Structures are given as structure tokens and as C-alpha cells.
Amino acid sequence: MTERYGAMYGPDITFLGVDRCSWDAVPDDADVVILGAPFDGGTSHRPGTRFGPQAMRQACYLAHDGSRPSLALRVDALRDLRVYDAGDVEMFGGDIERSLRDLETAVTTVAAAGAIPVVLGGDHSIAWPDATGVARHVGWGRVSMVHFDAHADTGEIEFGSLYGHGQPMRRLIESGAVRGDRFLQIGLRGYWPGPDVLSWMASHRMRSYEMTEVVARGLDECLSEAFTIAVDSCDGVFLSVDVDVVDPGMAPGTGTPEPGGLTTRQLLDAVRRCCYELPVAGVDVVEVAPPYDVSDVTAYLGNRVVLEALSAIARRRRDAVSGETWDPRQPLLDGR
Amino acid sequence: MTERYGAMYGPDITFLGVDRCSWDAVPDDADVVILGAPFDGGTSHRPGTRFGPQAMRQACYLAHDGSRPSLALRVDALRDLRVYDAGDVEMFGGDIERSLRDLETAVTTVAAAGAIPVVLGGDHSIAWPDATGVARHVGWGRVSMVHFDAHADTGEIEFGSLYGHGQPMRRLIESGAVRGDRFLQIGLRGYWPGPDVLSWMASHRMRSYEMTEVVARGLDECLSEAFTIAVDSCDGVFLSVDVDVVDPGMAPGTGTPEPGGLTTRQLLDAVRRCCYELPVAGVDVVEVAPPYDVSDVTAYLGNRVVLEALSAIARRRRDAVSGETWDPRQPLLDGR
Amino acid sequence: MTERYGAMYGPDITFLGVDRCSWDAVPDDADVVILGAPFDGGTSHRPGTRFGPQAMRQACYLAHDGSRPSLALRVDALRDLRVYDAGDVEMFGGDIERSLRDLETAVTTVAAAGAIPVVLGGDHSIAWPDATGVARHVGWGRVSMVHFDAHADTGEIEFGSLYGHGQPMRRLIESGAVRGDRFLQIGLRGYWPGPDVLSWMASHRMRSYEMTEVVARGLDECLSEAFTIAVDSCDGVFLSVDVDVVDPGMAPGTGTPEPGGLTTRQLLDAVRRCCYELPVAGVDVVEVAPPYDVSDVTAYLGNRVVLEALSAIARRRRDAVSGETWDPRQPLLDGR
Amino acid sequence: MTERYGAMYGPDITFLGVDRCSWDAVPDDADVVILGAPFDGGTSHRPGTRFGPQAMRQACYLAHDGSRPSLALRVDALRDLRVYDAGDVEMFGGDIERSLRDLETAVTTVAAAGAIPVVLGGDHSIAWPDATGVARHVGWGRVSMVHFDAHADTGEIEFGSLYGHGQPMRRLIESGAVRGDRFLQIGLRGYWPGPDVLSWMASHRMRSYEMTEVVARGLDECLSEAFTIAVDSCDGVFLSVDVDVVDPGMAPGTGTPEPGGLTTRQLLDAVRRCCYELPVAGVDVVEVAPPYDVSDVTAYLGNRVVLEALSAIARRRRDAVSGETWDPRQPLLDGR
Amino acid sequence: MTERYGAMYGPDITFLGVDRCSWDAVPDDADVVILGAPFDGGTSHRPGTRFGPQAMRQACYLAHDGSRPSLALRVDALRDLRVYDAGDVEMFGGDIERSLRDLETAVTTVAAAGAIPVVLGGDHSIAWPDATGVARHVGWGRVSMVHFDAHADTGEIEFGSLYGHGQPMRRLIESGAVRGDRFLQIGLRGYWPGPDVLSWMASHRMRSYEMTEVVARGLDECLSEAFTIAVDSCDGVFLSVDVDVVDPGMAPGTGTPEPGGLTTRQLLDAVRRCCYELPVAGVDVVEVAPPYDVSDVTAYLGNRVVLEALSAIARRRRDAVSGETWDPRQPLLDGR
Amino acid sequence: MTERYGAMYGPDITFLGVDRCSWDAVPDDADVVILGAPFDGGTSHRPGTRFGPQAMRQACYLAHDGSRPSLALRVDALRDLRVYDAGDVEMFGGDIERSLRDLETAVTTVAAAGAIPVVLGGDHSIAWPDATGVARHVGWGRVSMVHFDAHADTGEIEFGSLYGHGQPMRRLIESGAVRGDRFLQIGLRGYWPGPDVLSWMASHRMRSYEMTEVVARGLDECLSEAFTIAVDSCDGVFLSVDVDVVDPGMAPGTGTPEPGGLTTRQLLDAVRRCCYELPVAGVDVVEVAPPYDVSDVTAYLGNRVVLEALSAIARRRRDAVSGETWDPRQPLLDGR
């Protein structure tokens, strides 16, 4: 195409006012390209994530001016990085195959252009094309996955379909795009999947941190262990954040709420560590379902997860040059 | 199959407690078979109608005892008619073609068994398989359509698909299942479709009553005119009720709200007239979207539309035998 | 007692700021005494009317200054009448017998003091003690009832109890407090009660206007007919307004919503006519359930129903003295 | 300035995708310029109308493509007229004097450029600068006002201020911008203002249609009478639509809800008549308060009021050329 | 009776699809029998818990298939245990004495049949009959109580009644069913009860962990201490979980919200420990009030509390046989 | 004046039923005077805090009887202290200068009378007059500030105004009322302000604990450090609590929600420590915005923050006399 598609729902806006581009004409200077994946055709229960991109792009009380200086990380990711928003990919909810294929094309194109694709979901079905697109660029089987979620998303077939938001991680491992033993899941809990699927996961040597382990050992210890695995024989990391990893009491705007999750504070800190410590090559933030949200708190969370990731990437790049190391204990106003 | 599928979402309940059956094993004595079509994969905007069947089956403050004596019509439709609920048809949102095909099979089977199918949507995409299934039984091109809606639903292609909730009426006319000149639309308004589609509609000699005409002439006069057309050279009528024909201020639980609609009282009276005066052979009630509803008022409305239709059918059958004529002016307690 | 009980829930406020009193020490100059009946122990479905009195007392955007000049009726009911608010009667939800008995004592005492009791419900169970209390003063069997409601409320036994919000009208007729043939019901609809109860109603010569008749004949004609019956051989009228007579699409904050009701405009006009044309001796406004309300619209309606009743009573009294007749067609600013 | 201010809250979008301009650089071909007045600093009760412009600009399920062909009026206002959106005027809520002054400058400039200003409120305080700005262009005292509202908005001082959403109409008459005897108010009701203010209104010979008169005589008769007054010795009409003229049960998203209002259908038809029959020179649509809205139904209504006004203006212009007269009884598909 | 009563409100469903039974005909193989107590007649403030059983039975996004394999505990409680759902006990809200008596009969009967009763409330009034019924079976005074709650529920008389949701624990201790010095309360906080009631509690040697102590010492230490007391000279434990022990910010769907509570994660872990470490003989989960809930998050929590309890009971039984000990630090996929 | 103004919105109630006074006639025995500041004219985004005072005064399920015995602190602040509620200060939203000036007068008068002013906001603009009024009494520059907030509120000019809820802390430091190096901010996070403002803050030697530092070091350690600074060369402490310091997932009813905040438990414990350990001379609780709240959980939190502060002040006074020290580890029933 090259003509920008714009928005599938509502006005054509960009993430907090960053510049526009078309995904098949990524500017040369692009560090990051945001893509909207307004799709909930793969949802097994409550729909609404089609409005996730629209909601996450604008959930902020500050001016939409393409600038967000992080208090914590002392970078302005939207300026220190060159961030574009390529608008939505058209993804008709009633045709999941076509929709995921088109998204994969867009992600692949963006990655090939040398930019980090940041995909705003949408339901978690999109992780398959998202990580696949990145793997085509970074190297097939050379991308590890850090996956925050209440659910493993490794189902086989649901409602008669191989596609859906309960299955993308299986498809990714089956295809070889991502190695099972470089698949790190954090925050799982509840009553799904059953033994068969768990066996399949074990047989592929996935590493899944259920909340019980997270609580017993501490989130930071689990993350450190996971991050060590992630960079072993891999060249890039895909970060996939399902907001339902947070407790539904704090993030109600999602489709398959599972009580007992992380706090928002924990998620933001974990995303920050992931993007600061690891070579992240692609990101998606999924399962924000505005119809079930309350005063937009879940949309705000999604927006902040994106900003946290971008800020940490920017800081990582800066420190790579300067040799500095970010210190979480440094008082806010020290050195200002 | 023959094994009842049950419910796609939530527990397997029946419409206000009527008996269960499987759609491919309709009991001989069935007058009416209710089918759930929990599908919103064809929705162009706000989703959520997948929960419509579940919501409409239970939106009532009375006991779920399979009995609802109508004050107005003096029949107990759920007892005077033999009504079964065949549960949901599995309709994966991400595969509209398969989903509509499976629904069509179910509706066709029910109609072939001699029962009136009453389909609980779901988005309006389902009107295509619904009316097609009835036409296969009543006669291809021998079914007229009475269609309450804010929208014509005669679009050509949307989001790259021939299927969707904006296009079913076009597909029905193109296939010949329903004749364009026996297509009666009531309640249209707003800003869609544009001239091209309207020309197509005119060329097929559809008769569409926009709200301006309805207000200027009165709803009753418009209905009388439409009903006369409906029974001209047709053997049965399909009644398709999109709840968005009612003003969104009174029925907010829907996906594409268009201000300026009917009152709920008008809709109930119109549905009653339709089913009392015409030989209705199939019904669907669509576009109830619980995530956008308020205190279930729209789900209640959907439930009452179904009951109103069934009660009028029951009364029509009784009067056909007795020769009586129902009088809307008769005081409630006269003749009790 | 004589000590004011105050409020069962929340702070002790009065209706729009009118003066306080205790129900067992009604001031001599009282024309109207408002009583709160914060009770939902008789509710068969959604509870919440316990918060009705609190909500109706304050649902207004104007100052709580004990003044409300009616544009339409050209009186300031809260000043032209001497209106007191006696606070709530303590009504424990778990003991309906004691609660209704205590309310009856309060209403009887107020009526005996020569004031018109206006009771803010609470569920409709309270109509039994309300009208009984008024009948003890006006004369047993000498009070007619004008009853706006979606439901007849003439049930026999529910959930094993003679008491409840589905049965008060039966109890009133059985006791003889109100004659069955002076019982006027407006707005009934839906699927309750069944034939047995309807037969009982017919046998007591009740006159119930179902919505079908209301629509077919027009509300004004039905009211005129009903009002003629109401004043035949009766000395006073009890007005009982269940807000569910209004369509739930316009008044969602109620427990047993039945689609197809009056508009708020119709209800306000009907209440006005009732209180202007008839010798109203007692009023209750019931079934406002704030937990199911939206932006307080139903609480506002309840507040305005009370004000409309009081304004019409005030105007009736003024015109009785002046010989004037209120003209609904008079322009607002004429004669100002 | 000349640099477009953009949006005070959220992303800088335009009304349904029409082209942008700056209010102080109105393109020569402009027929209509939309201005956002995101201000609720004059609200006496529930705030939130600051988000009205944002909400009304996007409350639509159709593509934001700058095209809206009206089924009823057979024009595409957004294309048949040249409509621009000048974005918001910055209006700090805490400084009503400065904010209204800046808005007046913008409206005056737009009107002087020969375009019809259509102002999206905001609370009703803005009617003062809106109509003043138009009067500066059309002629001081040569603009009549058609004002749909539950409230007269003719208060003297509130909360110690001459400015506020209860007083704009008084200020307009006092200044002479609009003549009192060319001030037509439709839909008033309730309990405000009191006798003093009503006397002031009468003394300025305003004509206010309270809902009682509207019901008794019929809305159409009242409108016809009002429209006759409006064009007597005036050169233009300002249309001011407060959404609270509609019943809060149908339009809950507003700050000072008064039960017993018009239906949305009545309002749309009335706005259409006004803009088709009268020489409208300016429009504002006010008091949409999203925080109190439900599933955006009130925002949708505001959007449709704007479109109805624009469509009727477009049709009026077309018929002025063609000599045709629009017929509300014409079937939708006739002549297509 | 023996005939199953079914559901007091809505359709007759079972907890996540487990098999049905009648409480007075408990199958011999039953390990657990679920009972619904749809009662809010004892509520001192916001009602709505009558819909708790209905909500908790179905609050899940997974199939209602009577199977829930716990990721954390590696059991499928609904299959490893034989779980039946006996439906609701009819509990008329207006008659608390009769209602609690009938519930006690049902619980006693279930316990006598050798099954663990799990009662879905309902307000906390039901803890009296619940624990009494279990004590009749296990031994009077031989049951200790582990009670998670923001409130002590040891009041004397409220609203003139000994019965109510603020008093059950006092009644239990007074009757001797549960010993005061085997009464363990966790999570208390706020401003109730006052000194008199606290003295009464101290005099009965209750052990109540207020949140300040819980925070200062850590929840795990408090639980360990409490559990030691619970098994001293007692033969069984009754677990009573009031969801308001969780912070209302995370679990808003409850009637008497007290800020500063546990997180959902803490509650789930604590329930698990309780049922894994102690000989639990009865459970109730109370005070889920759907009208105040948001996107069902509190209903989901109630559902998960039940599942967590059942899973831990199942695992305890399995480990009792196998000699294994559950290790919270074991990685999810180890040993799969 | 001396005549009590009463309530700006709704009925004139007092905080949980404490006695009334007028702010310019503070009774001699007053320890604490509560003032309502129903103002949101300084809000940069979502409004609604004008209803904060009304909401916080009544957000409680207990009787409004002027008594609240704290379980944790073993005092009844509303009785052990002499607490009055002076009602609201009239603060017109459209005139921030006049409104803040009038509030400052009221606070100054209360402080001068020897009572601790506790101001219920309203937006955070009010901190300027609040702390200024206290400084006029305690000593200019002799008051330190403990400020819980997600935002620094040290902006220069917004929307063209020096006044607003993003700037009060700057104004306070500029005026010298509070020393910059005695300004302790806890809970900051997110993406505001930018480098210039941070430099200004650093240059004034403010001490701001961003959430990253709070998490890394622990809240208690940060508080201890801050409290040490607070009492160095200062005679009193002003405590300003913006509820948005709590995570919006737990406290959604606020205008500028920033994910990643404290839990409610943390805030309550921190407020308690502050008021128990420091000589608090004034308090405000701000930014509770009821239109965005859910089941009143944020209003409840605001109410509890006030009670926690008052209870700790009462306990501090008691222990100052008795020499006792409060022990958070003491079991609830010990010593009762």
C-alpha cells in the first residue's frame, strides 16, 4: 500500500501525539514503530480488545505532544527515541486467518526496516504474528520470549480453530519462530490449561512461573533467573504483556480475569527491568478491553506499560553509550 | 451431532426454563425452537452480542418455570405453544463463514422439522442464515421479511468481507431467498448507507420506512401498509428485530446506536401486530450487547420482544381456531 | 418515642431542606409530613430500595432550601403548604412484619394529626401500611386507590410469606381498608400475575388499565374514567406510585423492570392530574432502587413525582379558595 | 495567533474527520466552522462538559471520513457544505471571564469570515459569547434566539458571579445582542427560576414554552408559532440546544437533569425544522457531560443534533436554489 | 422435601457445572455439597448478596464442565472430590428467623450425610446456621473457626434484632457451638465495634488479628499462630470468608467496604494454607454483592476462593494418602 | 459572616455527624475544624472533586453519630478530640482567585482560633491556601509539608494561569510560607513534570520520593528519613494527601490517575505514622472525584484517611500525657 490505513475505529490518532507513518514506508530514522491491532476475533470470552489500540493511544491526562519525560528513568522516550505510529492494521474480527496474516506482514515489514515494532492489541492471538514477524528479522529461533500473563496461551484447538487468543504461544513454538526452552512465562495462575497441555509445555522445556512460585520466591528472583535464560543463545527478546497478569481488581478492563495477580506497580517494575536489562526487539501489549474497564484505569495501565518499555529501551541505549548504570535508589532530584 | 451442544458461554440454561432439545433432534410436538447464536464476529463497531443469547434467556425477575401468561394477549405462550430451547450453535467469532454456515444448517433443520425457529443473536450477520434456513423450508423467494432496525444492513463489502452485520439483507436478496420487493424495513434513520447502496435497494424495490416517514404518517399506518405487501404472493414471514430500532436512550445495550428511534412500547406493539396479523415462520432478535447495557434494560427488552412474538403467535393460532379477534381496548379484567 | 429517629442510612437530611419533625409529634400547622420507609425486605428480586428515601430526598441540583416554585403550576409547594420531614421509620429488612407494623403506626399517627402522609419507599410492601394508616383516619373502606405500576401487586403468597412487595394490594382489599371496586391501576403489563390472581382481582371488581388499553384509548381518557370511579362514594384518595410504571429504559433504577411503560412525562402529567383533580389524602412513591440507577435519573424522577404531587395539592387548595382553574395551555410568562 | 490551538483535552481530532483550520484563519470557502468550547467552569452542579467537544466530535460508529449522507434529508452536509473544524478554544475552567472573552473573539472572527459558527460546548455559559459573536456580525439586536432547554438560563447572580451556565440568556438580553421579544425557549420545566426571574423574563417579553404547554398544544404547533416570531424583524437566528431539554432517562449525560423532557426523536425533528425553515446564523450544542453518560448515548445525541442541524442547513440552501420543498412523508427509496 | 428447590433467582445452575443433588438426599459418595444461601435480609447497609450464589456459581470464563485443574495445587478439585450442588435454600429476605432456621436444617443435613458443606452467601448472617450445622455433626464446641473479615461480626443487637450480618459470631459463641477461644479472626480493621463489644470478645478469649498486626508481623506468621490454636482440642475447622477482608479497591462488590484490606493474592494464599493445613469441615463465602461489583471482579474472586478451598482440601486428602507435601516453590512444569 | 454557609452542593451535612460550627465563629473548645472546599476549577483534566467534601463526609456504612472508635489506635477521635464541621466555603469554580482567597481566609481564621483545620477537597489547588493559612498561624516558613501524591504539583503556569491543581506547591515555596527544603513528597511517579520544573525543585532542595525509590528502599525507611527532615527547625507539619498517590486500580475516583501507586493499606499506615509521630497542624485530603468512582471506594478511602489522621492525632495527644507508646504489634483484644 504505502497509503496509511489510519484507524479502524474512531479518529486517526497517534500514540500520545508522536508522528505518523505508514507501516510499509517506515522512515529511515525510526527506532520504534507503533502498530494498532484492533482485533478481538480470537477472544474466547469477553470481547472488546478491538478498542484497545484507540484506548491505549490516548489514555493520558497530559498533552498529546509526543513527549513523556520519565521521572524514574530520566529519559524522554518519545523524543530520545524516534517513535512513529503507523496506525492500525485492518483486522476484520470475523476472519482471523486473514487478519493475523496481514498483521504479520506489517510487523515483519517494520522489523525489517530496522525499527522495534510495538503492537497495541487486540487480543492475544496477535502474539503469533507479532513474534513471528520479529523472528523473521532477528533470526528464526533466535528470539526468546518474556511473557507476562495469567494464562499460558498454549492451547491446541478452541472452538474448532487453531487460531485464537488461547493458542498463540503453541503456534510460535511449533513453527520454531521461538524456542520452547527460551519461553519465559510470568504470572500464570488459576485453572487452565489442563494436564495435557501442561505436558506439552514441559516437553518443550518452557519455563513458567506460576504466581505461587512468584510469591514464594519473590518476583525479582524469578525475573533474574528468567532473564538469564532469555539471553542464552538468543539474539533478541520479544516482550509480550497481557494486562490480565495484573489482578483484575486493579485492572478490570480485560476479557478473562483471573484473581490473584500482580499489582500494577510490580508489572511496571518488571517491564522496566526487562527492557533495561535485555535486548528487546519487539513488544506487544494486549487484552485491554475498554468495555469492561472502569474510569479507564486499565487503558491507562496499558499506556504506561508501553511508556515504561520505551523509556527503559531509551535508557538502555543511553547507558550503552555512556557506560552509566541506572540506580533505582537514586533520589528523584539528585543530579537534576 | 444429536448431542446438545449446550452453551458457548456460561452455564447451559434455557429460555425462561422451557425444555431442552438438540436442534438436530427436534421433538415432533415442537411448535417453536429457540436457538442461541452467540456471535459478534460480524460486528463493525462495539462487540458484545455474543452474550446476547445468555442475557435474553434469563433477563426476567419471575421464576424460570417455562410459563409466561401474557396480560395483554391472554395466552401463556410458553405453555400454549410447545417451545423448546436447543441451546447455542457453536459460532467461533474469528471464522464468520464457518459460523454462519453452521447456523444455517441448524435453522434449516429446525424449520424442516416443522417448528418456528426463534434465533437469539448475536449480531445481525445471522439474519442471512436465519432467513435462508426458513426459506429453504417455506419456499425460496416465498418468504417476506419484516425488519425492524435503525440500519438497512444492505451493504456490499465491509472490512474486505461480504459477511458482516451490515450486509445480511443484501445477501438474502441476491440469493433470492427473500424477494427485494417483499422486504419491509421499519425504523431506519441516520447517515448510512450512502447513495450507491440506496440505489441498489431502490432497484430491488425494497420498501424502507425511515423514521421521518414513520413520525409523519404514524407507525400504525406504516405497519398496515407494510403488512399488506408482506402477504402478497408470499407464504411466510420472517421477522427480524434489531434492538437498535429502539432509541439508544432507552436501549443502550447495543453496538451501533443511532439516536431518534422508536420507544420500547412502540416496538412491543409493532412486534405483536406483526406476529398476530401475519403468518410468521421465523424470528430473530439481534444486537443486544450486554457489555454496553445498563441494569440489563436492553436484555429485558430482548426477552420481552421474544415473549411478545411468541404470545402473539399463540393468540393467532387460538383465534384461528376459535374465530375470536383480539381487542386491544378490552379491559384487563373483563372476561377473567 | 417523640425523639426523632433520624436516618436509617447515611446522614439525617430532610426532603430538599424542609423542616424536621418527629412523626409522633406532628406540628399543628403541618399540611404534609414526609416519612422515609427505607425497606427492601419485601423485594422479590433486585434489592436496593432501602436507599430510596435518602436518594429521593436529595436528588436535585438546586439548593436544599425548602422552596420549589413550580413553573407549571405557579405554586411553591414547599412553602405554600407546610411540609415537614419526619425522617425515617426504622425498618429492619429481615423482619417484615415488625417493620410494616411500625410504619403503619407512624402513618396512622401522621394522618390522625391531620397531615397528608407522603411516604418515600422502599419497596411496594409498604403500600399496605401506608394506605391502611390513611384509611384509619379517612374511614375504613372510604379511601380509593390510584395505583401507577407495571404490576398488580395482588399476589397471594410469595416465598412462603403473606407479606412482600407483590401482595400489598391484596391485603388492603382483604382487610377492607380499600374497596376493590375503588382500586384503579394504571400501567400494568407483562406476564404477571397468572389467571388465578386475575380472577381474584376481577371478582373484587378492581379496574386495571393494562398498557395495551392505555395506548389504544389514550392515557388521558383512561385517567378521566378512573378518576370518576375514584370519587364515587369515597372520601379520600391514596396515590401509590411505583416508578416501574415508567419504562425501564428511562427509569432503570428499580428492581423488577418491565419494558413497555409510560414515559416520565406521562407519569408526571398523570400524577399532577390526580392530585389536582382528586382529594388526595396520602401518597407513597416506591421502588426507586439506587444501586441499579444511572446518574441518579430514577432518583430524580422520584423526587419530581413527589414535588409534582405536592405542587398539584397546593394548587388545588389555592384554586378551591380562589375559584380559579389551572390551564395547562397558559404560556409560562403570561400573567407573571 | 493563526497557529491552530488543537485540543484542550486528548488528541487533536476533528468533527467526524472534516478538515482542520484555525479560527483566525478561516478559509474563504468555509460555510461552517466548528469550534470546541471545552469549558465547565460555569456549571452550578455536575461538571464534565469540558469533555463535550471531544465526545461529540467522535461519537459515531461510522468511519471518520468527513461524509454523512442524511437518509432523511438527502444531502451530505459534510460534503455539500464546506465544513471545517477549528479545534478547541483554550478555556481554563478557573477563569470564566477570560475564557468567555476568548471564545467570543473566536466566534466573532468566524462569523465575520462569513461562516456559520457551530460551537460544541461546554456548559451553557458559552451561549453568551456564542450569540454575541454572531450578533456582532449579523447585527446587534437583529438575531433572534431559538433555545431548547429544560431551564431558562436567565438568572441574575449565582455563587457571586454574573457569569455561569444559569445566566447567559439574561446577559444576552441585557446587552441588547438579542432582543428579549425574539427569544424563544422550548422545553422548560421543573422548579427554577423563581418569581423574580420570571417577572424579569416577562417584562422583556420573552416567549417560553414550558413542557405543559408543549404537551397540551403539541410541539409542532408551538414551534410554528415560535418560528413566526423568530423571523419577525430579525436577520438571523441563533440556535442553542441544551441536551437537557431531552428527558434525562434518555440522555443521562448532563449536569442538571430535569425529568419530563422531550424524546430524542422530538428534539431531532425540531432541530431539523428550525434549520430548514429559518435563516440560522449560528449554533451551539451544550451540556453534554460525558462522566455522567451511559454507553455514550448522550454524546451520540449531541453528535446527531449537530449533523441534523447541518443537514437541514444544507438542504435549505439546496432548495433555495432548486425551488424544491422537502417532504417528510416521502418514502426513503422514492426517487433514489 | 427431597425435591430440589432449584434457584431462588434466575435459572437453576450449578457451581461451574458440577452435578446436582437435593440437600435432603445427599448422594452417598458426596465429598462436598454446595448450598446457595441467597439472602441479604440481615444486611445493615448495601444489599445485593442475594445474588451472590448465582454470581459465584458462574463467574468464570472457562467451560462449565465440572472440571478445574489447579495449576498451583496439581489437583482437579471438582473431579478428585465428588462435589454436588444442592441449589439454593429458599430464604425470604423479610423473615430472617425462618430463613436462617431453614438454612441450618439444610447445612446440618448435609454435614450429617458426611459431606463438607460449602455455603455460598448471602450476607454474613448465615455463618450462624452454617457453623451451627457443622458443629451439630462434628461436635458442639469441637469446631474452631477461621474467619477472614474486615469486621468482627460480634455485635449484640442491631436494628432491634439479634439476627443480622453484624452478629453471627456472637450467637455462635453464646450457643457454645464454637468456643470463643478457638475463634480466629484475620483482617479486622476500621471503626467497629466499640469498646463494649471488644470487651465481650476479650472476655471470651477470641483471637482477632487486626490489619495493623497483620502488616507489622506478616500475614504468614499470624496464620501460623492462628492455625496452631485452631487445632488445639478441636476436631474440625469452619472456614468463613467474608470477601470484604480484601481491600474494596480490589473487591468493590460488597456491602460494607472498609479500606485497607488484604490483596486478593493474600486471601487466596491464606485460604489455601487453611484448607491444606487444617481439617476443614465446613466453608462459607459471603458478602459478594453483585449490584456493587465492577465487571464481576468480586464474583470472580468469590468463585476462586471456593475453588482454592476445594483444591487445597483435595490436595490435603491426596497427600494424606501419599505422604507427599505440597511445595509452593516447585516450578509449574516440574514433574508434569 | 458568622452565619454558617452550609453546603455548596446537596444537603448540609457534617462529617459523620460531628457538630456544626461556622468557620468564623470557632468554638473555644475546638481541637479540629473540618472545612469543605468543593472546588474543581483548578483541575487540568477530569473534574468532579467539587463533590469530594459531600462524598467524604458520608462515605461510611456506620451510623452518622459523631463517634468512630479506632480498632488500631484505641481512641475515638471524634469524641476524644473536639471536632466540628464548619461546612463548605463557597468556591465558584469559574473564579479560582476569589475562591482560593476565600478559602485562605477561612483556614487562617480556623488556625488562628487554635484548631487544626482539616480541609476536604476539592482539587489540589487548595493546598496553597490551606498551607498558607496554617503558616500564618504557626509561623511563616516554620511549617514543613508532608505531601503524598503521584504528582509534584510544582508547575509554573498552566492554561495561562498561575493557579491550578498542578501548581500549589510552587506557590507555597515561592511565597515562603513553606520552605522548599522542608517539603517532603512521597509517591511521585510517571511523566510529569519535565526537566525545567525538576531543576526548579532541586534548586529549592525539595525532597521527593519517587515510587522507584519507595519500592527499592521500602516505604517505612523513606518515611522515617522524611519525618526527620520535617521536624528539623519547623514548628508544625502540614499533611496534604492527594488520593491519587494510591494506585488508580484501587482508587479510581480521581482526575489524573497514574498507574503504579501505593496500596490503600500503605497510605493509611503512612498517614497514621505521620500524624502520630509529627506535630501536624493542618491537613487536607484532595482529588476525590466521585463521578469517576466505583461503588464509592475512593470516597470511602478519603473518609478513612481523615479518620486515620484524626485518630493518630488523638492518640499522639493521649500518649503525650500518659507517656505510653502505641505498639502496632499489640493484638487487638489485649488489654481490652
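Structural remarks
Chains: A, B, C, D, E and F, in written order; residue numbering restarts at 1 for each.
To be clear about the criterion, a residue touches a chain if its C-beta (ideal position, glycine included) is under 8 Å from a C-beta of that chain, and two chains touch if they have at least 3 such contacts.
None of these values were measured; they are calculated from a predicted model.
Listed by label, the chains that touch subunit B and also subunit E are A, C. In terms of C-beta pairs in contact, A-E outnumbers the other of A-E and A-D. When the contact pairs of A-F are matched by residue number across B-E, E-F or A-D, over half of them reappear in E-F.
Taking each chain's centre as the mean of its C-alpha atoms, subunit C lies 41 Å from subunit E. We define each chain's centre as the mean of its Cα atoms; on that basis subunit A and subunit C are separated by 57 Å. Remark: subunit B and subunit D have CA centroids separated by 38 Å (rounded to whole angstrom).
Averaged C-alpha coordinates put the centre of subunit C at 44 Å from the centre of subunit F. The set of subunit A residues touching two or more other chains comprises 45-46, 247, 249-250, 263, 292, 294.
Here the chains touching each other pair up as A-B, A-D, A-E, A-F, B-C, B-D, B-E, C-D, C-E, C-F, D-F, E-F. Only residues 61-62, 67-72, 76, 246-247, 249-251, 263-265, 268-269, 294-298, 300-301, 304, 307, 328-334, 336 of subunit A touch subunit F when the two sit together in their complex.
Taken together, the subunit E residues at the contact with subunit C in this complex read 8-9, 40-43, 45-48, 50-51, 90, 92-99, 125, 158-161, 163-164, 291-292.
Touching subunit B in their complex are the following residues of subunit E: 7, 10-14, 17, 57-58, 64. Touching subunit D in their complex are the following residues of subunit B: 44-46, 188-192, 194-195, 198-199, 201-202, 206-213, 215-217, 247-250, 252-253, 255-261, 263, 292-294.
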